[in-house]
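Next come the structures, one after another.
Next come two complexes built around chain A: one with chain B, the other with chain C.
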Partner chain A sequence: MKQMNSIFVSIYWLATLALLAIGVVMVFAYTPTEVTMGPVQKIFYLHLPIAICTFFSCLTVFVASVGYLWQRKAMWDHLAHAAAQVAVIYAAIVLLTGMIWGRAAWGAWWQWTPRLTFSLVLWLLYVVYLVIRPSIESSQRRAMICAVYGVVAFLDVPLVYLSVRLMPDIHPSSIELEPAMKSTLIFWFIPVIMVTVGLIAASFKLAKRQAACNITRELPLPKSKTARPLRPTITSGNRGVV
Partner chain B sequence: MNSLNYAIGAYVVGLGLIIGYAAWLWLASIAVTRRENRQNGQERR
Partner chain C sequence: MMLLLRQIIMLTGKDLRIEARSRQTLGLVIVLGILIIVVLGLGLGPEQLTNGASATATLWVAYLFAGVLVFEKTMSVERHDGALASLLLAPIDRSVIYVAKLISNLILMLILALVITPVAVVLFGFDLSAAPGQFTMIMAMSILGFAAVGTLFAAVVSSTRLQGGLLAIVVLPLALPLVIASTQMMIQLFRDGKPIGGTGLTVLLAADVLYLVTSWLVFELILEP
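== the complex of A and B ==
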């Protein structure tokens, strides 16, 4: 059963890598260059799917946090922790690829517009989620505090999504795409979603195994009945006698 | 800097972070496996 599982995981990751490679080839060899923005527009095919999957990861943290507050089961805390790690990585990718695009398109690495500011706040919120975890020793207390925090932190996600529609922003709210560009963008969602699910699953499995190891370490080891001390204990009656 | 270089740089950064995190998870998994084997070895004794 374990062997079948590891074969499935290997095939899953090989397929994901293959799809990512095909996606990169599609972006640079198949998709036409956008007329207004030029080749830098090709960042869009990575930037948008990663941004959507960031929201998905944050939603997973929110659902898992609610699950823990409702059922008080450790597996919800492990899932929230796993999804938060992926959310931090993905939000960092969104910010960095956006900054690179902004540098080329607007001439500036960063502008304090609503969308960009709320995105930075989103990244910081989940970084704090990961930072506070090791500082709380009790696993139950840690899970409770992080669950409450995970629910509150999710409030920034709709702000990020709606900000560009409700407030004036330099960040584009929609882009016109040719058919080849649309197909490339839709294709990129497949490997990015596979990577997201795979990373959350792997991180969740790791968190469960780490928690199990810590519990095992706390349990006293059973004493063998035949075990004898290496040296005879010295009592007041036999002092000096070996 | 060429506009295409910005695009290539963004993909290198983005995919590099994903691969880096996946590698970190894999190494952490190996460390946990070693810890589990050590603990199983202690219990068997």
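== the complex of A and C ==
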């Protein structure tokens, strides 16, 4: 069963890599270069699917946090932690690709536009989720606090989205895509979703193993009749020998 | 209902009495707020000082950091001599403890705002006369949301190793929608001279409701002696 599982994981990742490779080939060989932006526009095929999958990861954190508050099962905490890690990495990629695009479009790495600001705040919200975890020693307390934060942080996301819309916007609201561009963009969603699911699953599995290791470490050692104490104890026979 | 109200008044009165006798929070946060305004005022150029937007941004920085200190101090009082454990043993609903702590924090934040806002107005030459009512309303709504989420996470963080630093890290990103919405409305009001739109006020109201309801619901789960 374990071997079957490992074969399935290998096939899954090989298929994902193959699809990513096909996606890269499509971007450079199949899609035309955009007239205004030039080659930097090709970043869009990665930027949009990653941005959508960031929300998916944040939603997973929220669902898992609610699950933990409801059932108090460590599994939900592991899932929320795994999804938060992916959300932070993805939000960072969205920020970086957005900045590279912005440098070409506006001549500056950073503009306080609503969408860039939104991505930055989203990244900050979930970085904090990861930062607070190691500072809480008790695993149950950590799971509880992180679940509360995970819920509040996700509910904060629409508020951030609405509040940044008050800022002046120079970001393009919609882009006209040629059929080849559109099909490449749709194709890119498949490997990116597969990577997202794969990363969350792998991270979840790792968190479960780490938790199992910690539980084993915290368990008291079995008492043995032959085991010698580390220090001689004071008994009536050896009083004063310590 | 009357019993709940009496419990809230009793707990809030206890917090305020402790503060009045010890005077350890308010003096500290007022001085911190004034220091932040002075340091930022010195750091900004003369042309920035006359800009209404920079005054509101500076005020927000002062409110945020002094606020975090308020929330932390009012909760740390409960950690001394097992006061929180005794409070949890009392026949009081835990949501009542949250509401009482929130009101205490709001009163302290209000006093803080009453002192440091005139300081910022004078030092930055910030003309409030254009819309004093709207300024007060926006700031009051923002501080309510900030105090709601700050009170919740002060209780959460007080039981961990990294107390002060961690509270600031947790609360500041959550308060960002309030900061963005209120500063954008202030820019519209005081720099551009335009009336504030409904979106900003809706965001503030939604944030207040969301933070209050969520905090009230989950406070019971996270409070531990």
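Quick note on the criterion: the second predicted complex is superposed on the first by the 211 of 242 C-alpha atoms of A that agree within 3 Å, B and C clash if a C-alpha of one lies under 4 Å from a C-alpha of the other, contacts with A are read in each partner's own complex, and residues count from 1 in each chain.
By our rule, a residue touches a chain if its C-beta (ideal position, glycine included) is under 8 Å from a C-beta of that chain, and two chains touch if they have at least 3 such contacts.
The shown structure was predicted, so the numbers you read here are calculated from the model rather than taken from an experiment.
When the shared chain is aligned, chain C comes close enough to touch A:164, but chain B does not. In the superposed pair of complexes, A:20 makes contact with chain B only, with no contact to chain C. Of the two partner chains placed around the shared chain by superposition, chain B is the only one that A:100 touches, whereas chain C remains out of contact. In the superposition on chain A, A:200 makes contact with neither chain B nor chain C. Applying the stated contact rule after C-alpha superposition, one finds that A:92 touches chain B and leaves chain C untouched. Touching more residues of chain A than its counterpart among chain B and chain C is B.
Of the two partner chains, chain B is the only one touched by A:42; chain C is not.
Touch criterion met: A:210 reaches chain B, while chain C stays clear of it. When both complexes are overlaid on chain A, the residue A:136 reaches chain C alone and has no touch with chain B. Remark: chain B residues 1-4, 6-11, 13-15, 17-18, 21-22, 25, 28-29, 32, 35-36, 39, 42-43 touch chain A in the complex. Residues 149, 152-153, 156, 159-162, 166, 169-170, 173-174, 176-178, 180-181, 184-185, 197, 199-200, 202-203, 206-207, 210-211, 214, 218, 221-222, 224 of chain C touch chain A in their complex.
Those residues of chain A whose C-beta lies close enough to touch chain B in the complex are 20, 24, 27-28, 37-43, 46-47, 50, 85-86, 89, 92-93, 96-97, 100-101, 103-104, 195, 199, 202-203, 205-206, 209-210, 213, 216-217, 221-222.
Taken together, the chain A residues at the contact with chain C in this complex read 69, 117, 121, 124-125, 128, 131-132, 135-137, 141, 144-145, 148-149, 151-153, 155-156, 159-160, 162-167.
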